[in-house]
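In structure tokens below, several structures.
You will see chain A twice below: alongside chain B first, and alongside chain C after that.
Showing the complex of A and B:
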């Protein structure tokens, strides 16, 4: 097993800069998820870890060993591709056995290891089939079996679940998590699905514009977003961000005020999550008019327009509030601890909880 | 609904045109076949288009057994030329095409354009320099000389053809192998070539037929009777003062059989090679 260090990775494709100095440490045996919108550089980062791309600048270090210029075969990595990348002309057995045969493993050992991997993924009965005779979920299991059969130090996954249907995706993501725990393998997992990221990642690296925006446990990312990008990218519906001014410890926003906000002065952006809004309670209360109600059964998404301030706020309330009607006046509130303050120029977080 | 669709005038007309073209295309072969199965007198007096008359295999028997025609040597030589002239360029061109489609190297585009230009050159313009080249190599009137020329000619178009096919293959099936530790040679022979079987089969069928049917190069570079290929031997059936059309047709039909068999054997792959890569189909 190995830890992974990425130090100042820069990658350009022609004139486009895909990665502008990525620094990331993945601990030994940790599941690290790279999360971000498409084009943020997460897949490029993964491919650099795999050795499929070479960085223009920076170093890749596996457990103290500099592997920046080593080809994939000298890195002891394995990878699961989004398309599964099974070889259609080989049976499932041969697909899984291929990496072992490349390493010149003895044939009785090959059979034993293939069987071990196939049993772990519950595909022993499919070994004689060809990939096109399998369902998408089964193909996915074969791809994972092929990746773990060599017991690699580092397991890389590039959006492995995005081609599965919703139900299977939920089932597989917890299976992948269990498998990673059981094997104790260091894993880097790329996804654009934040729920998947939260479930699978011991830690999550949120990426955008070719940079790591924040690294942290799912709780840290959710509770203490480092900037407005992370704040709005994580959580659904996304965090409300409204303009505010702090002067002498007095924060004014949404036509109301709250005292005792220390350490920050001037214009700020104020964020609070829709699910943290309560009706008729909270340290900060503001009157609003119901614009629109989306009833999701368990929850209700309520669009509120704040009188005077010209701001729109989304609230995620318990299903009990489904009786709210457009045009109705409510008093919405937020707790002090749920309020985030961001720098309006850089977007950087200044304070979590006021 | 469906019947209506089938009977639409546009559909009827396009079908009629297609059948008409197909029949026109087939007509010379029908004529050839009819002629080859009729006795000499009937061919000369009635022509092939009359259905009445005697049918016989005598022409086939004669053309195969009479030693003055010596088709057997022609067949043997044609196989000696066509097999290596198909397999060698296929392997070389596949390797070249893979390099063109996957690696970047100096002057890659210039080299590729050169290949395209070579494909556009008419063979006739090259024949005199080639003649002197073979002469200086001592390969004139040698099967090896013709094999080399056909192979070189084949490498150009097969490289072009295979590169286009390789570019359609999904990259991640190769990258998966690379991550698993396979060398480029392993990837090429164990992943790329098996996946490219349809295209290789299509190229093989076309190249084989092309080489087999060649008359021009053979005529110029091979002149001893024992070195002649089948297309030349068929021509010798035609006497200097008299043409036995029946014999000549029988010889021609026999000469056609090998390429037709190659097409038939590779047809399954051939169609898929032309249609391209379909994800997930093995």
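Showing the complex of A and C:
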């Protein structure tokens, strides 16, 4: 097992800069998820860890060993690809055994280890089949078995669940998490699905524009987003961000005011999550008109327009509020602790909770 | 047509026959009839009796070069097909990864595909003849004093080499295009996976890329082997009858000897060899075809 250090990784493809100085530490035995929208550089980062791409600048260090210029075969990594990348001309057994055979493992040991991996992933009965005879979910299990069979120091996963249907995805993501815990392997997992990221990651690195925006536990990222990008990327529906002004500790927003906001002056962006809005309660209350109601059964998403302020606010309320009608006037409220203050120019978070 | 199909939709056999009829008619007119007719031309005399005179001429006339033609045709096929397949495979491997200028290289490699075999023969003749480009170059470089004579009855080995070069050059292109097209269908992640799991370049070729190219390799081999037995124009231009080949002898039998029956026997022999080789290939490849 090994820790991974990425130091100042820069990667260019022609004129486009894919990574502009990525710094990231993955601890030994940790599950690190790289999360971000497409084109944010998460897959490039993973491929640099794998050794499939060389960085233009920066270093990759595995447990104190500089591997920046080593090819994949000298890194003891394994990877699960988005397309699974099973070898179609080999039976499942040979697919899983191939990494061992390359390492010249003795054949009785190969059989023992393939069986071990196949049992872990519950695919013992599929060993004689060819990949095209398997369902997507089964192929996915074979790809994971192949990746763990050598007991790699580092396990890399590139959106491994994105080709599965929703039900299987939910099942597999917890299985992958359990497997990683059980093996204690250092894992880097790439996804654009925030729920998957939260379930699988011990820590999550949110990426955008070729940079790591924030690294933290799912709780940290959700409760203390480092900037407006992370704040709006994490959580669904996304965080409400409205304009406000602070003057002498008085925060004015949405046609109302709240006192005692210390440490920040001038124009700000104010954020609060839809699911933290309550009707008729809260430290900060603002009158609003119901625009539109989306009834999800357990919850209702209510689109509110705030009179006078010209702002739209989304609220996620308990299902009991499904009776709200468009045009209805409500008093919406938020607790002080749920209000985030951001710098309007840089987007950086200035305060979590006022 | 639609209404006929609708009416007989209860009878799958009849429906299949109707749908296949254009193909069946085509095969009957352009394949079956000529084969049957060539047997008639070969083995039926003008009064309608069966005769083996044409076969006798082929095997024992001093004008016939049948055994040499058979030998050279097999020899050329056995030399050209493996070499061009290997060359095309190397080109596909080199061009597997995208790089700047790759498309240009692919187009250049495909050029011989657009040339007729006569043109290809003439290009190589112009290049290799006594006053040709190659000899000029070698003399200018001071490597030789007198030109190398590739052609003429006394230089059979070198003529054979010239035919071999021209044929490889001309027909590597089709093998390359078939293999290159096959390689485009291979998901790059499949090779990257092998790389991540520690496979060297050689192992990736030997155990991943080449096995995955197998269907394309088979298609290219079948097409090229069958065509190799029809080799004609390049040989005719570079060697005339100094190097006899089966198709060339058929042509000679008609144009010079006016023996249509002998030409028909040659045609039948080429067809039989092609059919047998086709069968062998299908036997060999059946396992992968099933998959």
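The criterion applied here is as follows: the second predicted complex is superposed on the first by the 354 of 354 C-alpha atoms of A that agree within 3 Å, B and C clash if a C-alpha of one lies under 4 Å from a C-alpha of the other, contacts with A are read in each partner's own complex, and residues count from 1 in each chain.
Methods note: contacts are C-beta pairs under 8 Å (C-beta built on N, C-alpha and C of every residue); 3 or more make two chains touch, one makes a residue touch a chain.
Since this is a predicted model, take the numbers as computed values, not measurements.
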| item | value |
| --- | --- |
| Fit or clash between chain C and chain B when superposed on chain A | clash |
| Touching partner for A:248 - first (chain B), second (chain C), both, neither | neither |
| Partner chain(s) touched by A:64 [first = chain B, second = chain C, both, neither] | neither |
| Partner chain in contact with A:327 - chain B first, chain C second, else both or neither | neither |
| First (chain B), second (chain C), both or neither touched by A:131 | first |
| Partner chain in contact with A:89 - chain B first, chain C second, else both or neither | both |
| Partner chain(s) touched by A:280 [first = chain B, second = chain C, both, neither] | neither |
| Touched partner set for A:52, first chain B, second chain C, both or neither | both |
| Those residues of chain A which chain B touches in one complex and chain C touches in the other | 50-52, 71-73, 77-79, 81-83, 85-89, 98-99, 102-103, 130, 146, 150, 156 |
| Contacting residues of chain C [partner chain A, same complex] | 187, 189-190, 192-200, 203, 207-208, 211-212, 214, 291 |
| Residue ranges of chain A touching chain B (in the complex, touch as defined) | 50-52, 71-73, 77-79, 81-83, 85-89, 98-99, 102-103, 130-132, 146, 150, 156 |
| Parts of chain A lying in touch with chain C, wherever the complex brings them together | 50-52, 71-73, 77-79, 81-83, 85-89, 98-99, 102-103, 130, 146, 150, 156 |
| Residues of chain B defined as touching chain A within the complex | 170, 172-173, 175-183, 186, 191, 194-195, 197, 279-282 |
